[in-house]
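Structures given as structure tokens follow.
Look for chain A in each of the two complexes below; its partner is chain B in the first and chain C in the second.
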Partner chain A sequence: MSGLWRSVVVPWIPRAILLGLFAFAIFGPLANLLLWAFAEVWYFPHKLPLEWGFDFWRQVFKPRGNAMLSLNNSIIIAIFTVIVSLAIAIPAGYALARRNLPWRSLILIAFLLPQAFPSVAVYINVARIFYGFGLAGTYVGVVLVHTVQGLVFAVWIATAAFSAVDRELEEAARNLGASGLRTFFTITLPLALPGIMASAIFVFLISLDEFTGTFFVGVPDVVTMPLLLFNASMEGNYQIASITSLLLLVPSVGFMLFIERFLKADVLAKVGN
Partner chain B sequence: MMSFHRVLHDERVWSFALVAPALVTVGLLFIYPLGFSAVSAFSAEEGGWTFANFIKAFDLYSNDILFTVVIVSLSTVLIGFFAIAIGGYLTLGENPYAVAILKWLYRWPLFIPFIVAAQLMRTFLAKNGLMNNLIVGSGLLEPMQTQSFLDWRGIVITFVWKQTPFVALLVAGAMASLDRSMIESARNLGASRIRILVEIILPQVRPTIVVGLILSFVVMMSVLSVPIMINAQTPTMLTVDMAFRINAYGDYGVANALGFISYLMTGVVAWIYLRQGVRQGAAP
Partner chain C sequence: MTITSHAASVRFENVTKAYGAVVAVDRVSFTIEPGQLVTLLGPSGCGKTTTLRLIAGLEMATDGHIFIGENDVTKLPVTDRDVSMVFQSYALFPHMNVNENVGYGLKVSGMKKREAQERSQEALRLVGLSDLGERMPAALSGGQQQRVAVARALVLEPQVLLFDEPLSNLDAKLRRRVREEVREIQQNLGLTTVYVTHDQEEALAVSDRIVVMKNAAIAQEGTPRELYDHPANSFVADFIGDANIVEGTILGGGGETANVRIGCLEMELPCRSASAGPAKIAIRPEAIRLSAGDHGTGMRGTVRKATYLGNHLEYTIETEVGPLFVSDPHVEAPVAPGEIVGVQFEHRGVTLINDPSDDAERASESSPQ
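Showing the complex of A and B:
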């Protein structure tokens, strides 16, 4: 008994304390969010909400309310961002994977630039330039800003997905008399589709979560979920802010848990190559 | 007509045509505004070149420039420390259950948006937040002794909470792909795990750590939501000052000068990295 105690329980004590602290650091803030999402009345110095309920949820999901409007805005903008991104990333990814392009690595790095510079000043100037073209405060302007941000993931993952497709299958189709375009649409694209889908989900999430670019380019007419969250939080309406946070959290955490199913190892190994 | 025909059949022209839309998008929507921002930082309102925007920026915001450097550097160091600790335990941990629990735990903040992380911390770190309530509940502090962490500490905590999983993921991946035989033989010779981590593993995964930390540095320099929502008082970070110059005064000159200063900061970090790479490459 004492042997078991010493060999099993004692080594677990420091481990359990450390893992417990770590779990608290990770889940503590999330737990606080859940408390606020269902709190109706809560003020200092009470440790827990005084009244619980779904009143604020009803307020958020009220048809034609501000929150539903911004949820709609976010989803519409994310869908169009995915469409625009894929429309330019699929041909680019195919060319980068299959054609002999001079300066190939330089081109790949160009898509990384938006991630390599602090972006606030860039968005300020994008907004200023867009203003001249009547794009400030429009859906089109916001979609364009989101597209640039997601482009590195869209192009890099598409390139990796096309690189992972077996060339011999394409050659077999060409030998049987299929045209280049037909080979692309019946062989190459379907085989690369899982990777392309992964990049589409990635871009969708980036657009859904994007705050800084929308903050400068979208004002005052385009309010997305992150902007609603921001406004609610700054006004001290923590319930609405927490419910909006939860709505943004669920797809992000879901993606984290399932990313390995979308991005197969053979594609992942080729990202950035 | 003949030459046009030849162009149509040139493989490279077609390849470039496929990449062109994506390149034009980055060019028009990122590189052009970036250049525009750099040029207008040095432009006077009435035309001509000037340093006036920079003089004004330093006059008004030198504290915030320092504050930004300190916050982002401290966060980068802490992120590096925790990422190495997590990666190290995942690689060298001897208890498969503890390793599995840690692996499941550490990734949660990875895809949580910054604005949501800011809102989480805004409630968690407040005077009446869950963190203080648990400290009081455990009897360590009296309710009136608690303090809000919503200042520079809150920004650092939020950055570290949000960015550590990203660097840890990269570092753990690099550590997992190392050759195990050297680690095993050092272990058999009786070397402690800390020593193996510092002397054998770290030198081999250093490039990955540095790349992860530089990317995190740039991300933290770009985030607006966290400093606005966690720490509204002065001193604050440059991102907040830029937004303020635009929204309150429409002052593009000073905002762009501050932007240029933040490009320089990341430039210095990237330069240190490149110089180190050259030195390492030159070493025998």
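Showing the complex of A and C:
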């Protein structure tokens, strides 16, 4: 009995402690979030909320309230960001994967570049330039800023998705008499679609979570969920902030599970190649 | 509704394909008669697949002319050539079922849905897959996928049918059956067919004619029998079947034969134009006769290796002309390693090679053995 104890249980103790710490690091803040979302009254030194309820939820989901408006803004902006990104990423990804473009790796890196610079510095200047064009505080301006960030993922993943389509299938379609365009729409695109879907979801989530660009370009006319969250927590309104966070969390987790099913290993292996 | 054939000839005139400085096909000329099955045979990298892709229009010739029937198709794009190809990987569209795969070419050509369906059905019946139309390619075995690829090519009734190493993804047992089926369909429909392979046995089994390629050029062209019995150079001798390439001396002779000395033996060998001097001789392993015990005055050899293979024995015999590889059907009387045997050559299976550009080293390097 003691032998079993030593050989099976003891080696597990450090692992259990490590896993426990890991779980606490991830789920601790989330638990705090959940508590705050349903807390009506909660102040120091009490360990748990004194009163529970849905008052703040009602406040958030009040029609014409700030929260609903910014939720709408977020979703509209995210959808248009996805459309603009894909409109660029599908032809770009196909060209990068299939044509022998000169400077191919340079082009791929160019899409990565916006991520390389400190974003505050970039967006202060973007805001200045957009102001000159009358784009500051407009949906178009915010969509453009989000698109620049989303394009890295969209283009890189689309390139990988097109690369993963067997060229011989395209040759077979051409051999059977299909034109280049027809081959693209009946063979290449359908086979690359799971990867394209995954990149669309990535772009959607990036847009949903984007803060810095929206803050400099959109405020005060265009307010999205992350900005509402920021304002609420700055005002010490933790309930509103927690509920907003939960609303942002749901699509992220849902889509991540979805992507995990769609983005197959053969596509992932081609990212950046 | 039946699938018929619009077989046309294929003619290459000095066709060259170069990728920058690399020449994949070098001034190749040949003619394929309508209704024939011609194999392009050679080791990997010899240009046989590029030649096939040139016929399909998947590659464009750098120089020279390609004719299908009477038409010069050299500049014709892939979509406008009446040529169907069965790819090595089969290249079935994974997101379409068998019917959609087979009907793809018909749909693209604008055929009415009903007619296209009937024709696809007929093509599938021809390859014995009538019941599997609703299946997805991933749910088929390798052999079935291959048949779908053949049906997809046949359904367009092409002038020329192309096969790129069609058996390489099948297991050994299936290969023999599939190649017989391919040959049967080809002969029944009278299709002009070009078939690429690196397997000489496959080539001998299915072909009307074989074009042996080496280093981007044609090494020899002929019927299977011509290539086996009268190889023009040591490469062909060694690539089609096995051959011992030995040094000999032409003593003289005129007209149709030459008197040749191999070691201490002398033989009359058929020959077109031979001048006296050193020469290379190809000897088939099965053309060497061994005699144990008393060996008189003939050539002698020492057995170095003896391998029992069921229906025959393989020996390596050390002789005065070098080591000889021997295939001996007399399994009931094996000779043990170390014994001395008499060595004789049969006339059929010994070929005088007088090709000035011959080099045996390269041939043995690229031989499949």
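Keep in mind that, in the parts below, the second predicted complex is superposed on the first by the 268 of 273 C-alpha atoms of A that agree within 3 Å, B and C clash if a C-alpha of one lies under 4 Å from a C-alpha of the other, contacts with A are read in each partner's own complex, and residues count from 1 in each chain.
One rule holds in what follows: a residue touches a chain if its C-beta (ideal position, glycine included) is under 8 Å from a C-beta of that chain, and two chains touch if they have at least 3 such contacts.
From a predicted model like this one, the values you see are computed outputs, not experimental measurements.
Following the overlay on chain A, a side-by-side fit with no clash is recorded for the pair chain B and chain C.
When chain B and chain C are set side by side, the one touching more residues of chain A is B. In the overlay built on the shared chain, the residue A:Leu249 is in contact with chain B alone; chain C does not reach it.
By the touch criterion stated above, A:Val8 is placed in contact with neither chain B nor chain C. Applying the stated contact rule after C-alpha superposition, one finds that A:Leu106 touches neither chain B nor chain C. Legend: residue contacts after superposition of the two complexes on their common chain; A:Ile187 is shown touching chain C, with no touch to chain B. After overlaying the two complexes on the shared chain, residue contacts for A:Gly177 are found with chain C alone; chain B is out of touch.
By the touch criterion defined above, A:Leu169 lies against chain C but remains apart from chain B after alignment on the C-alpha atoms of chain A. Here the smallest spacing between CA atoms of chain B and those of chain C, following superposition, is 14 Å. Chain A has no residue lying at the interface with chain B in one structure and with chain C in the other. Residue ranges on chain A touching chain B, taken from their complex, read 11, 15, 19, 22-33, 35-36, 43-47, 87-89, 91-92, 94-96, 99-102, 107, 110-111, 113-126, 128-129, 144-145, 147-148, 151, 155, 205, 209, 211-212, 215-216, 226, 229-230, 233-234, 238, 241-242, 245, 248-249, 252-253, 255-256.
Listing the residues of chain B that touch chain A in their complex gives 11-12, 14-16, 18-19, 21-23, 25-26, 29-34, 36-37, 40, 95, 98, 101-102, 105-124, 127-131, 133-134, 136-137, 143, 161, 215, 218-219, 221-225, 228-229, 238-239, 242-243, 246, 252, 255-256, 258-260, 262-263, 265-266, 270.
If you check the complex, the residues on chain C that touch chain A are 56, 58, 78-79, 83-85, 87-89, 91, 93-95, 104-105, 108-109, 152, 156. The touching residues of chain A, counted against chain C in their complex, run 166, 168-169, 171-179, 182, 186-187, 190-191.
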